[in-house]
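One chain, subunit A, links the two complexes that follow: it is found with subunit B in the first and with subunit C in the second.
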Partner chain A sequence: MSADLANATTAQDSASPPPLPSVPRPLTSYVSGRMIAVIGVLVAVLAVLTGTSGGKLLSATNLGGALDASSEVGFIAIGVTMLMIGGEFDLSVGQVFVVGGLAFAGLDKHIGFLPAIIVTLLLAGAIGLINGIITVVFGIPSFITTLGTYYAIAGFILLITGASPVSYLPPLPHVFSVFSAHVGGLGFRWEVVWWIGLAAVAAWILHRTSFGNHVFAAGGSPEAARGTGVRVGLTKIVLFVACSALSAFSGIVLFCHLGSMEVTAGSGLQLQAIAAAVIGGTALFGGVGTIFGGVLGSFFLGVLTVGLVLSGASTQYYELFVGIVLIGAVIAQVKTVGASRFVHALFRRNSGR
Partner chain B sequence: MESSATQRTDGALTAVVGNPPASAPEDRRETGVPGPSEAGPAALELRRISKRFGQVVAVRDVSFSLGHGEVVALLGDNGAGKSTVVKMISGVFAPTSGEIRLDGQAVRFRNSKQARERGIATVYQDLALVPTMNVWRNFFLGSELRHRGRLDVKRMRAETAQALHEIGLRNLSSVDQEVKGLSGGERQALSIGRAVHFQQRVLLLDEPTAALSVKETEKVFDYVRQARQSGIGILLIMHNTVQALSVSDRVVVMRHGEVAAEFAVGGDLEALAKQVNLAISGAA
Partner chain C sequence: MRATWKRKGIRGLLMPAVLAMTALGLAACSSSSSSSSKTSSASATASAVKGTFYELYQSCPSNPFWGAVNNGARAAAAQLGVSLKIEDPLRCSGEEAQENSLLTTIINSHPAGIAVSVPYASALSANIQRARSLHIPIIAYNSIPPNNNYSVNPVEAYVGQPNYTAGVDLGKQLVSQYHLTSGDTIMVADQCYTNTTCNARYQGVESVVDPLGVKVSVLNLDYSVPTSAGIVKSFLQTHSRPTLVVALGSAGEEEVVDAAQALGLKPSQLPMVGFDDDAVTNTYMIDGWVKLTVDQQPFLQGYDALVDLYDAVRYQAYPINMDTGPVFVTHTANDIAKGWFNPSVVSNTGI
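What follows is the complex of A and B.
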């Protein structure tokens, strides 16, 4: 500011002893106790399912299959985790996932693989933009905004497709193998590599960029964030766009893998993604969470799916489990933050900017 | 009462001893009453600002100034108009009439962002920090240091530790600690240290000691004294007269939206406190 101000500060700097109190970095800043607990439970569930499946779960093929299954929710969970850290929900991701697969399938034949991906992601981004703008500009809780877009998109999909699935006749285009080919002899597909790669990028953005800092602040205390000049609304809108794009990407990847997309394939995915985030330690009320946790949570769900199938158990148990996890998480968090704070966060209204 | 006078002297002494190479603001403080009469314009000057809400005149013709390195306490009963004055300074809303000057230059803020950009830091109770984020991330929130596009974590951690050390917070175990776990006084240190570090012109503290113990309050006042050395002007909204006199250079008393009285702090603080309280209650 003024010259004498600057001088005063420098004079003080040189006068005080070379300050630096050591700033040791505590281990807890890398791995939380909660994460260790989650890993423990994951290992336990893995052990139980290994037993009930007669050891089959531990084969490279089946663990690889579990990883493949994880990536479907996993891509979406990356976006949902970031959005939840930023203090918002997206319930429309299940339908955006279907839109991703369908739009890609329709476009690929006409404009080619890469352009089809790009246009599909732009389309999904536009949906995210709409979610974000309705939520931020009109101050509507995202819980409600995205439930609305969920049904609107579902209706739109049925109108366009007449409810019939979209499929390619085999053989699938060779280029699809960038996602669907198996990696070496490892039992899992390249989609898993893409998933982990994107998760690493997201984690880097979240923890190592200003934008990431603003995401945590927007979810932790929007008032304090605004007070220091963080553009909370804009930050959230970007998150909605990223979340939609990741969901559509998951749909694209699934289409490349299976060569078809059912119009109902996305129902329930939104809650699975939230469950994955929550299992990994992401708070339902914003400000707390890690991408690593979301990846771990997704893997947990993937292992569960494959493990139940191998154990000959009904896959309905999976839905039962997701439901229990969500209710359990709500109870746990209501107990720690209080019901009123929780309801407040769930129905938080955003003021502009 | 008696003790508060002693505390004030102690505090001033500590500040001087703790900072041997007397810098410019230090000289000014020793020469007597600081303020706009000193060389150069005041950091902040209010000229007859008023604020109406419909029929209600919340603030009427309020004028006072805040010098560089000066601490002014704004006192008054509930409803006197203190918060409204602070909100006009911090750009939350514009005065209905009157003028706000920063370093002699008239300014008009359309929102709090503009005020912040002109060097006005406002610390509202409980809303200033993100409890779920750690100390250094809070310290640099909105002004992150970057190196080749990525956060310069090492520098931010070191600068945070240094700034907190300078403001007088010496026993914080780690800058990686979540703010959630800090005491009220430590949080104030963080907010005050941040304003000083980013060389803000004016720091507005709304009831900074409202929820604090006596011991913590004393610490926060030490941070305020330390911050003033950097040349920042500090406006404290207070309701405890004795506490206000122990830390400030001047007090401005508001009543029914107007400035009822203004006092330079010095001499017999016990007698002064009585006078100030009379002004607050309107009996003077």
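What follows is the complex of A and C.
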């Protein structure tokens, strides 16, 4: 799965095959069979939860609450989705999330809001760079690399903080409201707008640029990608950096929202982000997936929490249903790939291609 | 042809089957949840109080302490004839975002009243203020920040005993009972190193013994029992034997006893005190390992919290603070208790 950095920077740089052309992916690529299945499952769950909650789930306040609840995992799922499409995993995202919140909290009072964000993202990017280099240069499976960094970072955090949470007492600085303020009467916070905005940027990069093509190629068939001049190793390193930066950004956003960060706040987040990506149609072994799917998967996790409470059910059912839907969504995706062929054929016929 | 049709039929049925399973499951969970509070809901129709009360706590359901708290809440709901929902975050650690998110949804459902554990300085602050502005009675139970600033967390009352205070009280008890002075040592078995509850308990004990010059060594035992027991064993082999062991919960006691037995120590050679009065602690107390444990009355915390809220709604009585501890349970008290102790109740309630 991993390539050698030397391949990425030397041998492949001088390789003779021409680079992949920057061809925008056709719109029909978004309407894949997987996506039909993802939307179908989400609509079904939404319909059931709406019914069991007596329609309360569909109020602006509660849908907004579900979006708020989704965004924490949602930011991370953007990076995890891209990385999984590129054929790699990152299990350290939960700890990088905590690093993001803690580093921002420590820096904000000394260097100001924006510089603190920038330095924090650079720090997180450095962690991603380490993950990427270890994976690519040493050929270690990213599952192992990032499991190692997960534990190393967790230990480092405990040493630095003594396991105590970091908190600001209210009133929180006004500038935090760029993430934490409510958007009009829509029931959700600005963090959701940031999440959707970043997802849109990531989707554009993934589906409309040559780098996006390289990501799909690196994850789908690394050998073939190298043959066509894709710098597979470099592509993966960039994805690791982006994934870590997005995780830290999520930690910053959470800190601005709550004014505190617990040292164990990242526990389990990595698995939730992977679950969101897979529910959203991302293949486990690379080459297939969409950011839109990752966003939908994250929203599913949020809507399930809120919907269960509004339905009068205990949140103890949450993990049970995540498990059922995770497996169900993947079965549904596998069984509906035929639909994508039909849609593609229909579009080709209509466009005369 | 028939065989082909059959195969396609099975495939075609798969996805609807999965969706149906999910739908049925969700519907079932909703109805089962309703039935779980059937007794209270049924009588709620006759109750003078409409709407649902919520108790929202910060830990996870596998914690026996919270099992006892929740049983107390359910008992109160049954007696008062009100509808009660108990919610907890989806993770057992790092739960502030989840608890805050749940609190948002609960407030959005306009409940009759909310009891919420508040172990964080400020994470739930905005939602507590929002509940107050919507005139939803809201009190804190079990946890509240030390020296809570009521402009930050403006709950109407507090039911329980703060873990920090419990730690302070235990520290004072130890100083008086064991005559701790400079030169004595305490080994703290901390099986929940990253947990705000354990941190608060430890800090409370330390605040009393540290000024006396008592040396405190904290062992982080947040691992599997064999690993943690190995850590304790190594510590005991390489350090002079501590005057006392303080276990911050029953899991820590298990690991200390395991290590002590491996080293051939007797209970009298390694006196231990702990927190919580659950089945594990009781067993060690009967065996002589645990000399004293702090009982913060978890059953009463859940019970009294709901009664406090009920009184506020039913009689417009302003919620009042209720202190539930600590009660020090000793070997003697346990000897008396075990005469009527029912093991099946122990495993269910954790008390």
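Note that the second predicted complex is superposed on the first by the 289 of 353 C-alpha atoms of A that agree within 3 Å, B and C clash if a C-alpha of one lies under 4 Å from a C-alpha of the other, contacts with A are read in each partner's own complex, and residues count from 1 in each chain.
Just so it is clear, a residue touches a chain if its C-beta (ideal position, glycine included) is under 8 Å from a C-beta of that chain, and two chains touch if they have at least 3 such contacts.
Keep in mind it's a predicted model, so treat the numbers as computed, not measured.
By the touch criterion stated above, A:225 is placed in contact with subunit B alone, subunit C being left untouched.
Residue contacts after overlaying the shared chain place A:49 against subunit C, while subunit B stays out of touching range.
By the touch criterion defined above, A:143 reaches neither subunit B nor subunit C. In the superposed model, A:331 lies in contact with subunit C only, and not with subunit B. When the two structures are aligned on the shared chain, A:113 is found in touch with neither subunit B nor subunit C.
Contacts of A:216 after superposition: subunit B is touched, whereas subunit C is not reached.
In the superposition on chain A, A:40 makes contact with subunit C only, not with subunit B.
In the superposition on chain A, the chain among subunit B and subunit C reaching more residues of subunit A is C.
Counting contacts as defined above, no subunit A residue meets subunit B in one complex and subunit C in the other.
For subunit C in complex with subunit A, the touching residues are 11, 14-15, 18-19, 21-23, 25-27, 29-30, 32-34, 36, 52, 61, 85-98, 100-102, 104-106, 108-109, 120-123, 125-126, 149, 152, 193-196, 199.
Within the complex formed with subunit A, the subunit B residues making contact are 19-21, 23-25, 68, 103, 112-113, 116-117, 119, 122, 124, 127-134, 137-138, 140-144, 146, 149-151, 153, 157-158, 161-162, 165-166, 170, 174-176, 199-201, 229-231. If you check the complex, the residues on subunit A that touch subunit C are 37, 40-41, 44-45, 47-49, 51-52, 56, 59, 61-62, 65, 68-69, 72, 98, 158, 163-165, 167-170, 254, 257-260, 262-268, 305-306, 308-321, 324-325, 327-328, 331-332, 335-336.
Residues of subunit A touching subunit B in their complex: 1-2, 4-9, 11-12, 15-16, 19-21, 23-26, 29, 204, 207-210, 212-214, 216-217, 219-221, 223-225, 227-230, 283, 287-288.
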